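Each of the next two complexes has chain A plus one other chain: chain B in the first, chain C in the second.
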Partner chain A sequence: MLDVIELALRIIGLGLIVLGGFASLISAIGFHRFKNFYLRLHAATIGTIWGCVYPLTGASLLSITLSELGTYRWFIAGASLVAAIIILILAPAGSHAIARGVHKAKIARVQPCIADLLDKDLCG
Partner chain B sequence: MKLVELVLLVTLILSIALLLTFAYMYLTPTSEIRNLAVFYLVTTYNPQLPFYTVNSPEAVTAIVWDYRGLDTLFETAVFYLALIAALALARKLYVEATPEFNKGNEGLSVIVKTVTKITSPMIIAVGASIGLHGHLTPGGGFQGGATIAVAPMIIIIVFSVLYLLTKRVTTEKMLLLRSLGLIGIGLTTISAFIIGLTAGRTTYVFQNMPKFDAPLGLPDKLNGVLISGTLWFFNLFEMLAVASGFTMAFIVLMLVKKEG
Partner chain C sequence: MSRALNAFIVACLTFIVYIVFTGSVSIYDLMTGFIVAVVTGVLFSNIALSNALKVIDPRRWYILVRYAIRYFIIDETLAHVDVIKRILHPRVPVNPAIVKVPYYAETDYAKTCIACSITNTPGTVVVEIDENERVFYIHWIDAKTLEPEKAREFISKVFEEYSKKIFD
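Moving on to the complex of A and B:
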């Protein structure tokens, strides 16, 4: 029974780490290719949430199964989980503050624009 | 102007190239440890050498506050002099009392404010942990204090500096805390000396652990917990002083008006 749980944790953890690497790649491509500031900010947030929170959670789950680390695996697991939660709280707030500040200060235009309900002047 | 820039650039590149070509012979790190490093590594936590050890597993803090403690004391003094100079420069340029302050309109949006409310106690807790575990893990008083000072800075940016002032975090109080920290550091330096005076034995200023000719020192453990003598107190007071000093500097910097 314990082996099954350990195997499941290991597979989920490895899967999350691989997902994080893939998401980081997508985020980098998006950061390079997206057309305006707000979309690039979206790509950057993909890099922080999918590319940091998920791999950290995966590392936390994976380190629980690594019995050769001894007691230190609980330190790694706890630290990774806490770091993941803190990034989960902080990253959206940071990107929100940047986007709101830039939009309110009319620094970046929304440029291919379909609709900008907050400020029509910035559209297009 | 162009020629000057070009000459400057070429000189810079050539000097870096010279450094990289010739200096690497002398700067390459070797695999063997030097005798001085061996001395510090062997004595920093070694109960079998009672008159040499500092009883602190963290060698950097042991060096900073024990082996070369006087140096660090003067570094601390320099930091406080810099802060005093900053305050003296800005002494007529800011006003702290602002009665017409309405809460709702100041600062960033509700999302950022909520996140700041959650994370600023965390920042202070992490800073306190870095500072108070300075004799056990990497870190120490200055690093812990600087980490704690991040919390008021974020609050200033997110809520505005007047919010901090309405919460009674004023420069006078920070000055008081900073002076308390400084007095604590001063008292810690002469603590072993005072113990020796009261016991009528030989002790030195800035002494931490017992030495050959001064067998009376500070205890390495308090109630079974390792505090490494003076190191824990130095870290505590330094953390207090640095955190309050930085907070004071941030408040003054944010309050300075353009038209004095």
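Moving on to the complex of A and C:
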């Protein structure tokens, strides 16, 4: 029974880490393909959630199963989990602060634009 | 009395986070964790909490766990797949707009939770909050509608239902 749980944790952990690598690559490609400040923020979100929070959770699950690490595996598991939760809370605060600052200072325009209900002058 | 209870609960949460972070239960870690927890609890008692009874309600924790599982498995996956498709598509199809989305949550924690949930899903970023009109201004990568109520159905309805149950 314990072996099955260990195997499941290991597979889920490795899967999440691979997903993280894939998402970071996609996020980097998105940064180059999107031509506008606000659109790049969406690519950055992929890099923080699938590219950062998920693989940290995966590292936490994986390290629980690595018995050769001894007691240090609990340190790795706990630190990864807490770091993932802290990134989950702080990353949106950062994105929001950047978006709000840029919109207030009228630095970047919303382009292409369907409508801008906050400030019509910045549309298009 | 309520301040002491607030301080006690903040200290307990800090202590749990500290012990999970260090990942050990040696005497040294328990002692430093206790000192850090007491200092944090006393300093942040009335800033962090106004009604301590909400924290010890197990129903709210149960809904929080259900929300986390649903959010990470369903909502995040749908939003990520949508934006990844747009990035890899040859023509990079985008349809962006800044839309108004009303919210009906009362407490600051609930508003913050809704706004963070919206920003953490790729495709929507909260640009501005207007607390007098009770609306978020959201940059949406694929604006299906400009009507505030309909946009709310697409973006924040689920987040708000759960956040209201957890924090209000």
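General remarks:
FYI, the second predicted complex is superposed on the first by the 124 of 124 C-alpha atoms of A that agree within 3 Å, B and C clash if a C-alpha of one lies under 4 Å from a C-alpha of the other, contacts with A are read in each partner's own complex, and residues count from 1 in each chain.
Keep this in mind: a contact is a pair of C-beta atoms (placed from the backbone, for glycine too) under 8 Å apart; a residue touches a chain by one contact, two chains touch by 3 or more.
All values derive from a computational prediction rather than experimental measurement.
With chain A as the common reference, chain B sits beside chain C without any clash. Judged by the touch definition given at the top, the superposed model places A:79 against chain C, while chain B stays out of reach. Judged by the touch definition given at the top, the superposed model places A:115 against chain C, while chain B stays out of reach.
In the superposition on chain A, A:45 makes contact with chain C only, not with chain B.
Of the two partner chains, chain B is the only one touched by A:97; chain C is not.
Considering which of chain B and chain C touches more of chain A, the answer is C. In the superposed pair of complexes, A:70 makes contact with neither chain B nor chain C.
When the two complexes are overlaid on their common chain A, residue A:89 makes contact with chain B and with chain C alike.
Between chain B and chain C in the chain A overlay, the least Cα distance found is 5 Å. Within chain A, the residues touching chain B in one complex and chain C in the other are 89, 92-93, 96, 100. Taken in their complex, chain A has these residues touching chain C: 23, 26, 29-30, 33-34, 36, 38-39, 41-43, 45-46, 48-50, 71-79, 81-82, 88-89, 91-93, 95-96, 99-100, 103, 110, 112-118. Those residues of chain B whose C-beta lies close enough to touch chain A in the complex are 108-109, 111-112, 114-116, 118-119, 122.
Per the touch definition, chain C reaches chain A in the complex via residues 17, 19-24, 76, 80, 83-84, 87-88, 92, 94-100, 115-116, 119-123, 125-128, 137, 139, 141, 143, 146. Across the interface of their complex, chain B is touched by residues 86, 89-90, 92-93, 96-97, 100-101 of chain A.
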